[in-house]
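Below: a set of structures, written as C-alpha cells.
One chain, chain A, appears in both complexes that follow, with chain B as partner in the first and chain C in the second.
The block that comes next holds the complex of A and B.
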C-alpha cells in the first residue's frame, strides 16, 4: 500500500471492524498505518495480487453496512483553525497513515521530519497533474479548495515555513482562479500558474519551475529548501488533523477513449479496479490495455480485479491499436531523446551501455538521476525501448552502489 | 476477464514519430531544389536524379538481402534521401556508369560496411561524391550551360563536345584571382550576379544552384521540427563572420560573405548534408562546435586551398570528430550547478 516497510497486521479472522479502524500499524519509521475503508467482518488474511503485479499481504473484509468509528468527524463543515504544535500535527498525520498521493506513496510524516541541519524555506503544493489523461487533482482542487488551503496552512505550521506556493498548470484556469480567491485569506500562500509541460508533476521539475532551483543529483528537495506535497495529500492532512479521519479513500480518474462515461470517483481503498470500470460504463470491446496510473508512468494491469490502493491516481483504458508496442528500428542518432530528457541524460547512450552491461559507465552517465518519466521512449522515432533498458540499468547500478556501501 | 490484454512496461503512449516519416519529410524539403534543377538543366537533371535514387535503393536492397543476409529495410526512406543528395552533388552531364559507381560507393561503402543506418560515421552521399570527385575530376567539374529543356543530355564522351561547359562561380573567381584580376572585374566580365545565384541561374551541381529553394527546404524542416537551427545557423553565421573579416581586409582579393553563402553548395551542405542525424553530434552545444568547425574548414579550403569548393571535405572532416564531440560535450545534467537565487 505504500513505499517503505510493509505494515504489521493487527486484526484477526472473525474480527468486526468499522470504517477508519486501524488494520495494520506502521513497522518502523518509513512506513505507514493502514485503516479499514469499510465496516464488516474480517474474512481472512492472505496474500493478494496488487497493482504492481506482486503478491502482498491483504486483509479481506466482508462488507456490512457503513459504520464509522465514532471518533471521526463526518460532518462537511469547514474547520479552519488549527492551533496544534508541529509535533502533534506530525503525530496525527502519522496516525492517519497518510502517504504522498501523487503516486510515489512516500509516508508523509517522514517528509515532514526535516533532517537535522537542513531548513525548509518553502512548501510547494503540487497541483500539476502528474500525467496527461489524469484529472483527479484538478477536480479535487475545484471541489475541495477550502479544505486544501487549510491543509496547506497546517503543513506550513508543521514545517515551520513562511511561504507556500501552489503550482498549477495554466491549462486549468478555473482551478487557478478558484484557489486564488480562497488564498486571499491566507497571506503566505500563493498560487502560481505554470506552463503545461510534461513531466512538470515530478518533484524536482516542480521545484525548478516554481523556485528555479535544481535539486542536486542524489539530493532531496530539502537540500534546496523545499518540501513538496501533492494537493491530494494536503486535503488528506486536513481530514486527518481537523476531522480525525484516517486515509481511507482518494479521488481516482477513470478514463479512456472508448469508455462510455469517463469520470472521477472518490474511491475507498480496496475497491476492485473492475468495479470502477463497471461504474464508468464497463470495459469497452476494443480494450487492449488497462493501466493503473497514466500513459507515461502507469503500470499495465494483468488483471483488473486488483484493488485501488493509496497510490492509484487513475485507471486508463487504452484501445487495442494503441496498446501494442511498435517495432523497434535502429537508432538514427536524431538526438530527440537527449533534448527531451528533463534530467539532461542521454537515453540513447544509456541504452547502448545497458545492452553491453557496462554498468560502471552507466553510473558515470548519471543513470540513477532518471526519473522514469518515459519521455525518451515516447519521443523516439525508432520506437526504441529506451526506458526499459534504463530501468534495468538502474536496478543493476543500484545493487552495485549498495554492495559498495557494505 | 477472459480476454487477453497487453501488459508491458511504461510508457504506454508513443509520439507516432517514425524514421520513415522523418526521411520522407526530408525528401519533401528537397523537392523545391529538385524542381529548380529540372527547370534549369532539363532532361539531364531528371535522368541523373532518377538513376541516382534508383541505384541507391537497389544497392541497399541487394546488399542487405544477398550479402548481409538481413531483412532489407529500404522502406525507411533513408536510401532515397541518400540518392537525392548524391544527385544534388553531381553535374547533369554524367555517363550512367559514373552515377552507378557513385551510388554503390555511397550505399555500399559509405553506409552498409559500417552496419547500416545509424552506424555510419560519414555522410554516405558525401562519401560517394568525394570518391567520384577524386576518380573522375574532369567529368565531375564539367557543367553544361543552362538552357532549360534544351540543355543537351550528355551520356558519354562522344558528344561531350556538344556542350559548352561552363565553370561554377567559385571556380571562375579562383582561376581569375590566380591570374591577377580583381573580384569586381571578374564578376562583371562573367555576368555573375547575386540575383542569379539566388534563383539558380548559374552553373553547378544539380542541387546547389538555387539559394531560395534550399532556404525553403530549411524553413520546412525547421517548422516540422525535423532538424533544429543549431547546425545550419552556426555554419552560415561563421562563414559570414570569417569571410566578412577577409573581405574587409582586402575587397579585391576576397569575395564578400554573401557571395560565399550563395555559391559552391554552401547552403546545400549547411542545410541538408551537415544536418544528417547519424553523422552529426547529439547535443546543441556539440552541434554548434561541429557547425563552426565545418565553416572554418570550408573557408580555409576555398580561400587558401587548391579546391574552389570545400564544404564536402569540411563536413567529412568534421564527421570524423563527431564521436569525440559526443564523448566530451554532455548535455547539462539536471542539478549540476545548484542555483541559490
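The block that comes next holds the complex of A and C.
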C-alpha cells in the first residue's frame, strides 16, 4: 500500500467496518495508517496479489452500503481557515495515513518533520504531470483548485515556510490560469509555468526547474531549502486537516489509444483495476499490456484484478505493437543514455555492473541517485534493458547500505 | 674511439652495480615474509576459484587454513574430504570430514504442469524478473527458467532442459560449491547429502500457498497435506508453511513417502524401477524427469 514498513492489521474476520475506519496502523516512523475505503464486513485477512506482482497481506471486505464514520465531514463546503499549530497538523496528516500521491508513496508526515538544523524556505507543489499519458493531476487542479490552494496554505503552516510555488507545465494553460486566479487571495503562493519536459515530475528536477538549485548527491530536497509535495497530496492534506477525512481514495487516469472512453476517476482504494477498465469501455482487443502507472516508469500488470492502491496514479492500456519490447542488441557506445540521464549518471556502465553484481562499484558510481525515470532505456538505440538491471542493482546496494547502518 | 667504448662500458657497469646494491637493500628492507605452507596448501586445492568455500579464491582459502587454529567452518566442497585430508597433512592439523553433497532443484513446475498466465518480455534474467513480479506462471515460488543458475555454475553441471524449461543438475559434475544456491532469487536450490549411487528423494516444490491455490497454479505442487509426514518412519519430514521438507540427513531413502504423495511432488531419482503398481506411477509422473531417471539407473547399473 505504501513505501516503508508495512502497517499492522487491527481488524479481525467478521468485524463490521465503516468508511474511514482504521484497518491497519503504522508500524514505525516511516510507515502509514490504512483506513477502510468501504463499509461492510471483514471477510478474511489473507494474501492477495497487488501491483507489485507478489501476494501481500490484505483485508477483504464484503461491501455493504456506504456508511461513513460520523467524525468525517462529508459536506462539500470549502473550509478556508486553519488555525492549528504545526505539530497538530502533522499529527492529523499522520493519523489520516497520507503518503505522497505522485507515485512514490513516501509517508507525508516524515517529509513534514524537518531534520534538526535544517530550514525549509520554499514549499514546492508538483503540478507537473509525472509521466506522459497521465492527466490525473491536471484534472485535480481544475476541479479541486480551491481545496488544493487551502491544502498548500496548511502545508506552509506545518512547515513554517514563507513562500510556496505551484509548478505546472506549459501544456496545461487552463490549469495555470485557473490556479493563478485562485491564488490571488493568497499572497505567498504563486503559480509558475514550466517548460514541458520529462522527467520534470521528479522532486529534484522540479527544484532545479523552479528554484534553479541542485540537490547534492545523496541529499534531501530540504538540504537546498525546499520541500516538495504533489498536488494530490495537498488536496488529501486539506481533506484530512479540515474535513477529518483519511486517505481512502485518489484520482486515477485510465487511458490508452484504443480505449473507447478514457477518463479520470476518483477511485476508492481496493477497487480492482479491471472494474476501472470496464468503466472506461472495456479492454480493447488489440491490448498488449495493461500498465500500472505511466509509459516510462510504470509496470505491466500480470493480472488486471489487482486493486488500486495509494500509489496508482494511472492505468495505461498500450496496444500490442507499442507494448512489445524490441530485440536487445549489443551496446554501440553511442552514450545517448549518458546524455539523457537527468541525474548525470552513466547508465550503460551501471547496467554492466548490475549484470555482474559488482554492487560496491555501483555504489561508487552513485547508483542510489538514479530516479528510475526510464529515459535511458527509452532512448537506447539497441533497446538494452538498462533500467531493469540498474533497478536490480539499486535494490541490492540499498540493502547493502542498510545492513551497514545496523 | 676506444675511449668512448671504455667510458660507455665503465659507466654502464657502474650504474648496474649501483642499482643492484639499491635493489638488494630495498629487497631486504621490505621483505614480505610469507608462510611457505600457503603455497603448498594452494597447490593441493583444486584451483577452481569458485568461491564455494566462502572465500574469494583458492589462495584466500589457503591463507585462512594456515592462519586458523582448526578447520571449523573451513571446507573445500569441490575437493571434498580427500583434498581436506591432504591440506590437514600439510598443516599438521586434524581434518574435518563432511558428507559429500549435491545440488537439487526444488521445483518441478515444467511447462506442462505449470501453465503460463502471462508473457514476460523483459531482460532475460531471473534476478530482474523476480525483482519485477512473481513470474509468468500462477506460482510465485517456482523456477523462472531464465537460467541465472546455469550462468554462475563454473563446473558446467547445470543446463536448461528445453522441454521442461527447468535447469537440470548433472550429479557427476556438481561439486556442491553453492553458487546456484546464491544465484537463485527464488531460493530453489538445496545442497543435499549425496547418497549411494546418487539416489535422491526430495520434495520438488517451494510453494507456500494453501493446498487448493497451490494445486491450481501447478499440478505437481506440494499441497501441504502431511500424508508423507505421517507415513515417514524416520521423522525425516518437516511440515512448515503448507510445505513438506525432507531432511536429507535423516532420510533413509525408503521411498514410502513417494507413493503417498497425491500430487507427485516428491521426486525419486536413481532407484531401480518398481514392480507392478509403480509402472502406473511412472506413467503419471512428469515425463522428462522420469525418462532421465531410467537413464541414470541404467547408467549406474552399467558402471
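As a working rule, the second predicted complex is superposed on the first by the 395 of 406 C-alpha atoms of A that agree within 3 Å, B and C clash if a C-alpha of one lies under 4 Å from a C-alpha of the other, contacts with A are read in each partner's own complex, and residues count from 1 in each chain.
Note that contacts are C-beta pairs under 8 Å (C-beta built on N, C-alpha and C of every residue); 3 or more make two chains touch, one makes a residue touch a chain.
It should be emphasised that the depicted structure is a prediction, and the values quoted were computed from it without experimental measurement.
Engineer: Mind working out whether A:204 is in touch with chain B, chain C, both or neither, as first, second, both or neither?
Structural biologist: Touch status of A:204: first partner only.
Engineer: Regarding the shared-chain residue A:379, is it in contact with chain B (first), chain C (second), both, or neither?
Structural biologist: Touch status of A:379: first partner only.
Engineer: With the two complexes superposed on chain A, say which partner A:55 touches: chain B (first), chain C (second), both, or neither.
Structural biologist: A:55: touches chain C, not chain B.
Engineer: Name the contact category of A:304: first (chain B only), second (chain C only), both, or neither.
Structural biologist: First partner only.
Engineer: Of the partners chain B and chain C, which touch A:395 in the superposed model: first, second, both, neither?
Structural biologist: second
Engineer: What is the contact status of A:193 with respect to chain B (first) and chain C (second): first, second, both, or neither?
Structural biologist: neither
Engineer: Touching A:216 in the superposition: chain B (first), chain C (second), both, neither?
Structural biologist: In the superposed model, A:216 contacts chain B only, not chain C.
Engineer: Applying the touch criterion given at the start, work out whether A:339 contacts chain B, chain C, both or neither, answering first, second, both or neither.
Structural biologist: first
Engineer: Output check: A:10 vs chain B and chain C. Expected answer is one of first, second, both, neither. What do you get?
Structural biologist: neither
Engineer: Of chain B and chain C, which one touches more of chain A's residues?
Structural biologist: Counting residues of chain A touched by each partner, the higher count goes to B.
Engineer: Once the complexes are superposed, what residues of chain A are shared between the chain B interface and the chain C interface?
Structural biologist: Looking at chain A, the two contact sets intersect at 53, 299, 302-303, 324-325, 385, 388, 391.
Engineer: In the complex formed with chain A, which residues of chain B make contact?
Structural biologist: These residues of chain B touch chain A: 1, 3, 5-15, 17-19, 21-22, 73, 76, 78, 116-119, 228, 277-278, 280-284, 330-341.
Engineer: Enumerate the contact residues on chain C facing chain A in the complex.
Structural biologist: Chain C residues touching chain A: 117-118, 121-123, 125, 127-128, 131-134, 136, 140.
Engineer: Under the stated contact criterion, what part of chain A meets chain C in this complex?
Structural biologist: So the residues of chain A in touch with chain C come to 49, 52-55, 299, 302-303, 324-325, 328, 355, 385, 388-389, 391-392, 395.
Engineer: Considering only the defined contacts, which chain A positions touch chain B in the complex?
Structural biologist: Residues 53, 132, 204, 208, 212-217, 219, 224, 274, 287-291, 293, 295-305, 316, 318, 322-326, 329-336, 338-339, 341-346, 348, 366, 369, 372, 374-375, 377-383, 385, 387-388, 391.
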